[in-house]
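One structure below.
Just so it is clear, A, B, C and D label the chains in written order, and each chain counts residues from 1 on its own.
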Amino acid sequence: MHEIGRSKRARQAFAFDDVAIVPTRRTRGVEEVKLDWRIDALSFGFPIIAAPMDSIMSPDTAIAMGKMGGLGVLNLEGLWTRYDDPEPLLAEIARNTDEATVTRRLQEIYAQPIRAELITERLNQIRAAGVPVAGSLSPQQTAEFAETVEQATPDFFVIRGTTVSAEHVSSDVEPLNLKEFIYRLDVPVIVGGCATYQGALHLMRTGAAGVLVGFGGGASHTTRDVLGISVPMASAVADVAEARRDYLDESQGRYVHVIADGSVGRSGDIAKAIACGADAVMVGSPLAKAAEAPGRGFHWGAEAWHHELPRGERVHFDQVGSLHEVLFGPSRVADGTMNLVGALRRAMATTGYTEVKEFQKVEVVVG
Amino acid sequence: MHEIGRSKRARQAFAFDDVAIVPTRRTRGVEEVKLDWRIDALSFGFPIIAAPMDSIMSPDTAIAMGKMGGLGVLNLEGLWTRYDDPEPLLAEIARNTDEATVTRRLQEIYAQPIRAELITERLNQIRAAGVPVAGSLSPQQTAEFAETVEQATPDFFVIRGTTVSAEHVSSDVEPLNLKEFIYRLDVPVIVGGCATYQGALHLMRTGAAGVLVGFGGGASHTTRDVLGISVPMASAVADVAEARRDYLDESQGRYVHVIADGSVGRSGDIAKAIACGADAVMVGSPLAKAAEAPGRGFHWGAEAWHHELPRGERVHFDQVGSLHEVLFGPSRVADGTMNLVGALRRAMATTGYTEVKEFQKVEVVVG
Amino acid sequence: MHEIGRSKRARQAFAFDDVAIVPTRRTRGVEEVKLDWRIDALSFGFPIIAAPMDSIMSPDTAIAMGKMGGLGVLNLEGLWTRYDDPEPLLAEIARNTDEATVTRRLQEIYAQPIRAELITERLNQIRAAGVPVAGSLSPQQTAEFAETVEQATPDFFVIRGTTVSAEHVSSDVEPLNLKEFIYRLDVPVIVGGCATYQGALHLMRTGAAGVLVGFGGGASHTTRDVLGISVPMASAVADVAEARRDYLDESQGRYVHVIADGSVGRSGDIAKAIACGADAVMVGSPLAKAAEAPGRGFHWGAEAWHHELPRGERVHFDQVGSLHEVLFGPSRVADGTMNLVGALRRAMATTGYTEVKEFQKVEVVVG
Amino acid sequence: MHEIGRSKRARQAFAFDDVAIVPTRRTRGVEEVKLDWRIDALSFGFPIIAAPMDSIMSPDTAIAMGKMGGLGVLNLEGLWTRYDDPEPLLAEIARNTDEATVTRRLQEIYAQPIRAELITERLNQIRAAGVPVAGSLSPQQTAEFAETVEQATPDFFVIRGTTVSAEHVSSDVEPLNLKEFIYRLDVPVIVGGCATYQGALHLMRTGAAGVLVGFGGGASHTTRDVLGISVPMASAVADVAEARRDYLDESQGRYVHVIADGSVGRSGDIAKAIACGADAVMVGSPLAKAAEAPGRGFHWGAEAWHHELPRGERVHFDQVGSLHEVLFGPSRVADGTMNLVGALRRAMATTGYTEVKEFQKVEVVVG
């Protein structure tokens, strides 16, 4: 604990950049490493989820992600459920290279209402491809559209916001009672972001199958500048991993998955997230660099088009290869943007681990 | 405590940039948040004060600030009390884009004497608009012009300097006895800057209604380079907040407001200042970005035109919108320069707080 | 120990840049300092080894290094054992200044198979020059080519990889049993990289004459970005030096040399490595600046051309002088790139040390 | 203490940039502050010494410094004692703006031998002007030229090197026995640099009137890069100040002055040096910005022209005003390069101190 001043104490918190993984006395062949991830009734080939962001996930890329053994989550309050054909808008956004005005244009484009029938249509399209189906809503929209989502029977319903609590109080609108809601819902729920032990523990008690740790923001969210709020991710994940353990005991056996969601820009961050205790990692910006990304190299999160207090910027990345190459390589660059799955496999092999669950125990250092 | 060397120990001190606010397990609707701030006999809509700097506060902008529910403090030893019409000078300063020579020109412009009748005139102009009236003097000028100020019966008399102590010793001039002075004065006094528990406690004992924490310097004051003196603000505010608590007990109930004054460049800093214990925040540079700012995008503090030891530089900002938009949004940028009031409201809602006083207890982390 | 979060603790680890050597109360004349380094049956004039990287070590430069009293290690799975005449390829690489495509070209060039007869030829060429002979293989290639190397009877066989453990498990290929292998081998082995006390202790138990500490990567390896793995070198060396001490006791007298291999970019880093406990230092990038360097100013490690997950970039340096000048001066630059041996000598003299072994005890500070 | 690794522990050390001075509950008028500094038989108007560097001190500027109440030390092994008229060389150095080749040219220029008669002539010239006389030699040259210096009866003889110890061992040359030497010498000696409690204590025992703390290098010495050696100055000064206290007791009353020599680039650093325990401060680069500086805006130390291992670079500064303005203002810039004396005065007044000796106790923070 630091003493900020006589009336205030504070913990030190650590970002992924502050920590590094340390080799052990063993090494393993990469072929020994098992990356499959099982949550609820489903199994995936690797513990990487594509974040529900319009710049990376369309019905088509969610299907592609699923066919490669991963999980892609479609944003159910983004362009694909506001417009019959969002492609011209995605193209327009990509043509607008003036960062000074693009925020205003995003605010306009996303002012269009969400249409329930498009939610149904998009989820059905993904289901028809024979891959796992997952869609996300913010807590604000969940009450209105949850029934629509439920009827589409996705494999996962993701409730994702900057900060989602089990106890939200509002006098304007009847707040969502997460616990009752999830109990009644016939679909496994993944919910977050959360950033603290207490916050996560309460989310786990709602019956969620997984919790998202972090703010889940885009690559350049500015929540720290605008609100003063920040969640150094290594600490947040390590805190929530302890909540998972305590809740496992308290619930006599319910294992709630901890999913790191934010600040994952390079393949090394995926390994670090697991090393800090995550079961899986939700990624955004690395997938924005794939040739198939709907954003055409541009990337933004929901916080970038908030109507009165935008807290993120649209950013541009160079495209590095196909989605398959981004996930499985071969890589032709040395910056951690290609072969995400191969890099995780190699990080584990190099440090002597073969199981993701075991790799949560690998030693890390600060420095 | 750190050991600097065998003969010297030092506390670690923290700036706003070193700390971040952490969400709790609760969230609130933004409409639940109450921001009103009551000090002495007056109430304000939000705990943000415009600093007495010529680049942001003219009689007109002080009136505008008041009409929007805030408090604008006019600098009573700036251009408005040295010149009948300072507008041509403000325009000249804005045209002079040569930072190498502008310090010298500022020194000349501010060498003009202060005129008591202009103090009276400017304060009356603000009063006539029906908004709260506040003017500031430095400790050096307070003795000479205090009577003039008092007769204008402002709502607050602000005594503001780089470092103001309750005990100033000088052989040249009869130093101001702050305690006697404030006792005799018929106007509530806000006084500072101070930076330590002891310094603040002594200022509280003078009978001040509020103390300013920090150096109150412009956006680019260089006191650390020139004098070696620096006050990391998160620590200073947290120290002074403890002095407030101890003085409250010692005085059997006098609550002296702690007002952070310095290093507040973005909306997130306002939230952090309160999180560290401030009751209100005095801002400068964020308001220099308003279209109405007298500085026309340029910004400087009194330390920038000191006649023999200037300790700050004039800086330039892009204008982002009207004063109303800077305070209340809607924001069209993601960098914490617009919608200051909305950002504070959202920071509190996101972390589950509805009262500013309660928000002083929110958890912060270092990192 | 830091608490990353409730479920994870971490040591602080330090890089060479984080530490500095402190003078003592004594100084020595530079002529008093003895730098000779004795390992196994050989003595060298100074404890600096040239790393087995194609950009710095050819048979010719290995010979030159030996003639000056040092040890140059030839990479036995680089261009010199894949091609009869690698010079045209080295020239081509140097002409290709497009860093975006050079990784792909390196991948192609190094896809050519290693030829056993070239291993023999190159080692014989060095031996014929009458200097110490040392060649390196990665653990992956050691089994296949070890016999070839052994028959060439080099003075040292270096097994060098990013992370080499005494216990490697693989189901695809029969892993190298280092302990058995080294026991049977008739050549002293230097093996690494390793980064931890435990890892090093196990390598020492294999019978190695020396262990390499660090990743041994090129000047801009990106293992931290790609894999999340990093080894702050000051801490790694200081940990492994303790393993040397404990193994010395456990083995009743086997002194295994600790050789820092990585993050040595300037002459000051060589002094710091020894100050942290190293017996000798393997250097790469400083030698890439020599006029004779085969890389012609360009520099890359094996990790830069990995076929599916490159983890390093080729970099370019200005050439500063001849290899002799780089090692012995006189220096004409003040950045720690010339007169490496003279700088080590002076660092020891300035702090009052005359023996490398004693200099391992010099005080260092963080800051 | 930090644990670097299992075999090595290290103190944290702090540079001036790491610390800041904190106001107290008192303030003082600047006219209350007394800056005079008394050492041995002499008194000075302020505790600032001009460093013996050719780029700032010629006989003329040493005289000017003295006439303004300060102490200027002439480098007795620089250009003024190697050449009858160094002005053409100083002009040539200033015309050579190619930093890549200037080191080599400096090496040539300084290869010229030192002439004893010029030492005498230069010191006499300063004495004739009626100001305090001080000249410096490195420990290497002291034996040869000490008698010459002594016969010129300067007020102070400064022995200044990167690291000077009371116990220097050399087999090549008979090392200087500092203790005997100083005892026999009829001139008060100031000696350094030193950086540690032990090193300083031993220097104090030689009978020196003052010790220099730091490396005394030029503005851009690169000792850390080249040798790995570094002395974070706040810690070094605070350590040596404790040696002063302990030696005062041990010697039953000899007060040896602690003079910070290095890393003083801005006026704030002067205040910080005293705050950490220094009695006076030796400055280089701030005076290189004076119009009269012989270096014509260029600045270099002896380490920049070392014949085989240069450890510093020549740097260029903009000239900001006359030497008088640099020392006493009025300042027209806000970066701590003008009005050095006024800034120290104001730093003390702002924090409530009137005596330099008392100011050594002012609180500092890390941050």
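Structural remarks
Throughout what follows, a contact is a pair of C-beta atoms (placed from the backbone, for glycine too) under 8 Å apart; a residue touches a chain by one contact, two chains touch by 3 or more.
As the structure is a prediction and not an experimental result, all values here were calculated from the model.
Shared contact partners of chain A and chain D, listed by label, are B, C. Mostly differing positions are employed by chain A and chain B in their mutual contact, as under half of the interface residue numbers are shared between these two copies.
Its C-alpha atoms superposed on chain D, chain C is turned by 90 degrees; the angle is given in steps of 5. One finds 40 Å separating the Cα centroids of chain A and chain C.
Rounded to a whole number, the gap between the C-alpha centres of chain B and chain C is 57 angstrom. For chain C, residues touching at least two other chains, in rising order: 11-12, 14, 235. Which chains touch which is summed up as A-B, A-C, B-D, C-D.
By the touch rule above, chain D contacts chain B in their complex via residues 11-12, 14, 16, 19-29, 31-32, 197, 234-243, 245, 266-272, 275-277, 329-336, 339, 342-343, 346-347, 350-352, 363-367. On chain D, the positions that touch chain C within their shared complex are 2-8, 10-15, 18, 103-104, 107, 162-173, 175, 194-196, 198-199, 201-202, 222-232, 235, 303-304, 307-313.
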